[in-house]
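Labels for the chains are A, B and C, by order of writing; each one numbers its residues from 1.
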Amino acid sequence: MSELLGIDDVSVHFPAAGGRVVRAVEQVSLSIAAGETLALVGESGSGKSTLGFAVAGLQAPTSGGLRFEGVPLTASTWPAARRKIQIVFQDPFGALDPRMPISSIIAEPLLIQRIGTAESRRARAAELVAQVGLPRDALNRYPHEFSGGQRQRIAIARALSPAPRLIVADEPLSALDVSIQSQVLNLMKEVQETHALSYLFISHDLAVVNHLVDRVAVLYLGRLVEVADRAALFAAPAHHYTRALLDAVPRIGRRRARHGGTIKGEMPSPLNPPSGCVFHTRCPRAEALCGAEVPVLRALSDVQSVACHFPLGSE
Amino acid sequence: MSEFADVAIGVWTLRWRRFRRHRTGMASLFILGVLVAFVLAAFPLQYFMGIDPDVTDLFARFDPPSAQHLLGMDEAGRDVLIRLMIGGQISLLVGVLATLVGGIIGVLVGVAAGYFGGRLDGVLMRFTDGMIALPLLPLLIVLGAIDLTKLGFSSDFAHSGAAGFWRIVVIISIVDWTAIARLVRAATLQIRERDYVRAARASGGSALYMMGTHILPNIATPIIVSFTLTVGRVILFESVLSFLGFGVVPPTPSWGNMLNNAQELVTTAPALAVYPGLLIFVTVIAVNFLGDGLQHAFDPRSERTP
Amino acid sequence: MGRFILRRSLQALLVLLVMSFVIYNLIGLMPGDPLDVMIASNPGATPEVVARLRAIYGLDQPILYRYAHWLWAAVQCDLGFSRTHSQPVLEVLAPALWVTCKLMLISFVISVILSLMLGISAALKPGGIVDGLVSLGAFAGISVPVFWLALMMILIFAVKLHWLPASGISNVGDGSFRDHFVHLIMPVATLALANTGGFTRFVRASMIETLRMDHVRTARAKGNSEGRVVLVHALRNAMIPVVTVMALSFGTLFSGALLTETMFAQPGMGKMIYDSILSNDFNLALSGLLFATLVTLASNLMADLAYGWLDPRITL
């Protein structure tokens, strides 16, 4: 498969009080193929949303760069790329301007990018409203008249309007009721097929990820700790942190399997990350080496890479 | 989150309903309507009764009320009623214009500071804080005392009535924009972090587009309330400055400068001191109550005031 | 804390510096210049004499140079000479400052006490009759033109009733305490009334908010008397925003003092600034305005300190 988006050694740092630095994302490299769905998984504070914002052009990387359709994204190439990379947010109540009718919301990316005429944009909005399964009269109504699930459909329609190649979906389901989640998930699958889309699907919930994605990237404290095909990751996680995340997923008909103990404590502050492997303070397998040396991401197989000195299944 | 999620009626309809229940707000709206009608009545009065507000008649000084001159004559033998009406036009016009000009300055400063943040925000807010700390009245007096010819205006213009009018609009608006700027900045900071603003930014919306399309419409309600309250304050400033002789200059009347001579005349013609001040008072209190009513109507959580 | 005061003082100094430059320029834009007055009183002055005078007084220099010159002198406490008073500016300022401080402090204390009483009694039962009356009165207070209020007081108490003197700080030849006191009543009352309205609204709003808070409910549940709940538990928290607003209102208070002094002929800072601008007394106007700014900046700094003292969560 050809690469659609390349993330090359991207770091995002924020200045904090007292001259300190929050290392929200640290030297992450990833790529997304055309038509592929990559999940970005981690706890809150892992930097997954920050990385998503960087991909959506909302946050400039401190170092490293992005490549889209083979072209490095710079100040001069971003404007053209923006119509091809869209974003869907978590909170369907905050994602739609309460003072805009739905038709304007959906057509906004076209308006901003000056694509088509006012008339063709309205037509496009009407077409998309039907595609995402909303009644046609939704066009002239306002966001407050819709439920959470309907709003998320509107947000998806908005993202689809400029015919993008990649949609960054920042926890698009977690604010929705469980019964609505599957509907929206199905809609996302459906439009992926009809529009030949790639997704960067950000989530803290591995159960949801299992239904949609091709590959999974696991972030911890801004570092990429494991990236693997979905099947490989779920069958045999290589990183102790991935294992812990998988264990936390409740599954019907199965007792919680505990492998090698749970992880202790809370995630350290990204202001003051641990030395060596950032996970060593909570890792059941940690040794002296882990606190001293940063593990590099290395390939275990064609479909699985891990950043760990002592990966699972290798001993 | 919208609190009207289940109700399919417009936000403005709801607001109007809430406002109608606000008794003092409604009363103020009515009083302001009457006041506007009163000051506009100068035109028919001038036309049909043939009263000229500027013509002095030294034989008619302090004449008591009569059928022709309902409120009598002032110290120069001019009709008090018509001068009150025209003075009111000037005072209200200054109030609205200076609020608009100052408000636009405040909105621009506030939106820019809030939206761009960072160093620009720091500089603009330091500046605003500095302005807020100043004693405004002495500053306004200095500004009012400036000799316009030294700024390069012609002597004719500098001493015309129009210059007096526009000078006061300008000086009040360059001094009284700080409250709105702070308010707008705070509101902008809130809206800026909403996802719909982020989404538009991700689509490539320019800063101007974001401010015009997403930010200003969503902070319109606090701006409206704040503008209303500013009108009251500006009318007070105008009256004070004109009273002290640094605002609207006679013969053009304003409620403020009609009180100019009233202090010396307070023993001979107390009525002349009462009317203009009472009109200022009623106008400003009505404007303030209107602002209170709007606040109540726009903010569903707000307390009811009587 | 010490660092905070230092930083804020430096900030205030910077604002003062900028203001001095702005005001210096503005004063230069007022009608006439110091020489005009001299020339007017000496019609025989030839253009050469005028030019020499200009050179002597440095008026032919660019404004920036003149400003630097003035600033250098000002730093050494030389604020120049007041033309109308024929005295050094500092000697005119000092007694005026005293009159203003007296007027402002007394009326400030009165409005704080009044607004606390009114605001709290209104907040006890929001929407009740007391609240209605207090709110109405407070709105009247913020809406009344101060100078007109003064005028009406003079009309009623001096002209009609002859109870109180209309102007001045004492009768000629009578330096008794009673005489001074009687002369202060109307100016103080006017200024206090004008400020009480705004303060009351803040006290009321802040108090209503605090009385709804959980810790106040807890205090009630523990069986404290209502008076203790309101005065001890609620008031301290309610005062935090109120103190800030009150101290930040010093600029407004000074504007009010200017009007009150002018109306009742009190020889304070406000009247002095007003008179000096009217009579082109540039040095006095400049120094008076800067002094007023300095006092306001200092009061703002005190507001911040009081804020930190009342709210232990704030570390300065």
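The rule we apply is simple: contacts are C-beta pairs under 8 Å (C-beta built on N, C-alpha and C of every residue); 3 or more make two chains touch, one makes a residue touch a chain.
In this text, all values refer to a predicted model and were calculated from it rather than measured experimentally.
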item: Selected interface, B-C versus A-B, where C-beta contact pairs are more numerous; value: B-C
item: Distance-maximising chain from chain A - centres being C-alpha averages; value: C
item: Innermost chain, taking as reference the mean of every protein Cα atom displayed; value: B
item: Distance between chain centroids, defined by C-alpha means - chain A, chain C (Å); value: 57
item: Rounded Å distance, chain A centre to chain B centre (Cα mean); value: 51
item: Chain centre separation in whole Å, for chain C relative to chain B (CA means); value: 23
item: Contacts with 2+ other chains: residues of chain A; value: none
item: Junction residues of chain B - those touching two or more other chains; value: none
item: In the complex with chain C, residue positions of chain B that touch it; value: 126, 130, 132-139, 141-143, 145-147, 150-151, 232, 236, 239-240, 243-245, 259, 262-263, 266-267, 270, 273-274, 276-277, 280-281, 284-285, 287-289, 292, 303-306
item: Contact footprint of chain B on chain C as seen in their complex; value: 11, 15, 18-19, 23, 26-32, 126-127, 131-132, 135-136, 139-140, 142-148, 151-152, 154-155, 159, 208, 248, 250-252, 254-255, 258-259, 262-263, 270, 273-274, 277-278, 285, 288-289, 292-293, 296-297, 300
item: Complex interface listing, chain B residues touching chain A; value: 1-2, 4-5, 8, 194-196, 198-205, 209, 213-214, 217-218
item: Interfacial residue positions of chain A with respect to chain B in the complex; value: 53, 56-58, 78-79, 82-83, 85-87, 89-91, 93-100, 105, 108-109, 112-113, 143-145, 155, 158, 162
